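Let me begin by presenting the structure, written as structure tokens, before commenting on it.
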């Protein structure tokens, strides 16, 4: 079977590219599960119920989120009704929203959840290693394979989680840096891994934002409005092939350019 | 002309692979300049005069360094005599060592220097954007092209520096995360760019270190000895082709596996 | 002579207490210079031209700022016309506003400036130690004593700057943590020092904000509106006595409660 | 009843001052419980079994620790046998050592534990708010009053924990910054509070270390040996008076100078 994991969707360009691309990709590549990180889908900051719904209609089976999960006002209420959306699993207990999703296709039950890293991250979260262990144990028997997203900054933390779950998860795939890494691998002959699958949105940019204001801020430290960029729109994703017992056999990174 | 920039050399496995590989690569790929980051060459932490010298003998023209520059005791004295080694350019003024190198081959004078990022970095440094501007201006007329290394954690800072120097530097190439990125590009038709060229050393590891102690520390926070790993030794590098006027025409990322 | 340095004024309660208190304090304690940090004067975030003007009318001779300097939209324009306001001296060169002030009373010229710390601070600044050295050297001959504010988080950085300027500045006084320290001292018989003079505003609070939303965020990490608190309003300040040659002879920390 | 909480003991000067002072203080001030933070007792970094034992013999009833808990090699084994020593309660589960102590005097059972802050702290810990709640709940009925140490950098986190436990703990007292704060208070008529009680050791220093190497490092960023300073040795502590039902009635900060 095959799952496609689409990295951080940024703003309207990112959303439009997902809508325009997902159906064709699914057919051409024989994809069973489409999962996408939508933490930057609403103008670069968070997501809304309406946007989540539109991504779902475009063919995305499950939407994950990251440290920007609560950037949009009111989403803490919306999330409760969205059955195909999960927030990071290692947020404190009081946070609303599902901490995991189970998506079933042709009798295969894919567990999907995200853990936030704790190195260089603003949002404080519980230990991602123990949180992943706990979820896998608690849900044992209810899923046939697990895709664990590590939404984190530090490569050390991402690699460590990959090795920690190697042999137990179908895939450990990273997001958050918005830059794909050239390190796809199947760890210990079982677990598809990539430090970061990259972002979906305008690449003539700094992480999807217009270059000038971000660069200006690096130069003088003064605040500016960060608009979403427009040029060089691309979808970034990892395509994982796996067996009926949830063992990854290959992982391929792909980018689809707009237009 | 062609330059090869080799990412963070980690420990003895990294050094041995450089020694075993550089001559052949140079011949096969017609490389003119070989530059390597050696900040982890001495057992993963810093570099010594003897190690720098051995890398030089192996065919490395210029050695750069990062935040681990002063990890080895006594290197602050050694560096003064090493004419092919430069420390990050934006360290405070009191730091010993060259802040840049100019390597000449066949009449082309290649300026090489490193700037440290300031986001999520332990070592405090001056503004990398202004430091790069200042060096390029101060040395104008003495070089025909510049390779600027951005040794940094955050993808935003690395991309921003790439755009900042696009059209002015021959290449802006990143190091420090030890994981190569899949974003090689020639920015504005002039400047070769890659967020990170990756590390040179054992890849069955966490950033070149043995997996178990690093993972153990993520789990319980307790200190451990971090030994250099051994498995899956690879050299990671960016190969940049450029004109006699210092304009990059292509950039290719490559990895060479040991054995 | 005597200078009073009032710590971070927070919101309307803080401003009102300054207005109500400064005249009486000045008369009762024979104060020559009144300096106040106003970085949180506008609803806790930054300052406006109108607020700066009202503090000036209340008797404040010089207003300093911190990392919240640009929180209020438009203040980057306003600051240019405010001759009694300075922004941190070690911001990048492109920042508008004065980097120091010289206030003269009875023939004594008091140099006033702020440097931002770099440890645990979000806003990137140039080295505060070298920035202070540079200003003191550049302005030599134009002032009779210097009050240097260190707006910083880490006690190590604040103490180190105190010792660095001991014997050269009339006072090195800290702000930013909003909690006064019990360490007033005259360093090397010359320089009044205190790690933090504390904040001016409601103390039944977390740093001047209402307790509940701040505590809520520590518990679940979710964003909330942080309103200014109301209870236990206090003005916090350091009172420094110094000679005609700018040598501090004493420093006293004081708090004035509202009502 | 009365408890004395002594802040971070730094090196030999700090230890000697504790030994010389504790007996007299106990008698003069009628102190029932003496608790001390010993995280810097061994040359500024961590503690050893022998040092813990010597502090105990000097009259310290309970020793707490902070982020430097594992700085001394072998202490992870030693701590298991030390019945009067506890490590921070919110370290990950795998950490050895007691997470709390209960000290009984004249029929009053005082619960003592430390939580590490998570803002600006290198060591990753579980949520200090929830960890404190959990311990207080789990041990309910076994203690008559609780002294909670918040070992943290940020004043916001320390104040928030004070308010969180106000009415439930006998005292919430801070350590880690090595600088005492001027904010002693009894919160909600029940809980003694101080953001930081300060350190015990040489005050002509930067946080107990010799001034010159620390200042040198701030200036050029290069590593140096940080020796313990010698001048102006002081013991810093909070003295809390409380009722038989564990309600604080007063808190006084005191410093005792050597010699």
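In this document, chain identifiers A, B, C and D correspond to the written order of the chains, with residue numbering beginning at 1 in each.
Here is the rule we use: a contact is a pair of C-beta atoms (placed from the backbone, for glycine too) under 8 Å apart; a residue touches a chain by one contact, two chains touch by 3 or more.
The shown structure was predicted, so the numbers you read here are calculated from the model rather than taken from an experiment.
Visitor: Examine where the copies chain A and chain C touch and state whether the two sides share over half of their residue numbers (same) or under half (different).
Guide: same
Visitor: Using CA atom averages as chain centres, what separation in Å is found between chain B and chain D?
Guide: 44
Visitor: Approximately how many whole Å separate the CA-defined centres of chain C and chain D?
Guide: Each chain reduced to its C-alpha mean, chain C and chain D end up 30 Å apart.
Visitor: Give the residues of chain A that touch two or more other chains, as numbers and ranges in rising order.
Guide: Counting only residues that touch two or more other chains, chain A contributes 92, 124, 127, 130, 219.
Visitor: Which of line, ring, star, complete and other names the graph you get from chains that touch?
Guide: Looks like everything touches everything, fully connected.
Visitor: Sort out for me which residues of chain B touch chain D in the complex.
Guide: Within the complex, chain B contacts chain D at residues 70, 76, 91-95, 123-125, 219-223.
Visitor: Under the definition above, what is the set of chain A residues touching chain B in their complex?
Guide: Residues 120, 127, 129-130, 153-157, 159-161, 163-164, 177-183, 195, 198, 203, 205-207, 211, 214-215, 218-219, 253, 255 of chain A touch chain B in their complex.
Visitor: With touch defined as at the start, can you tell me which chain B residues reach chain C in the complex?
Guide: Of all residues in chain B, those touching chain C are 92, 118, 124, 126-127, 130.
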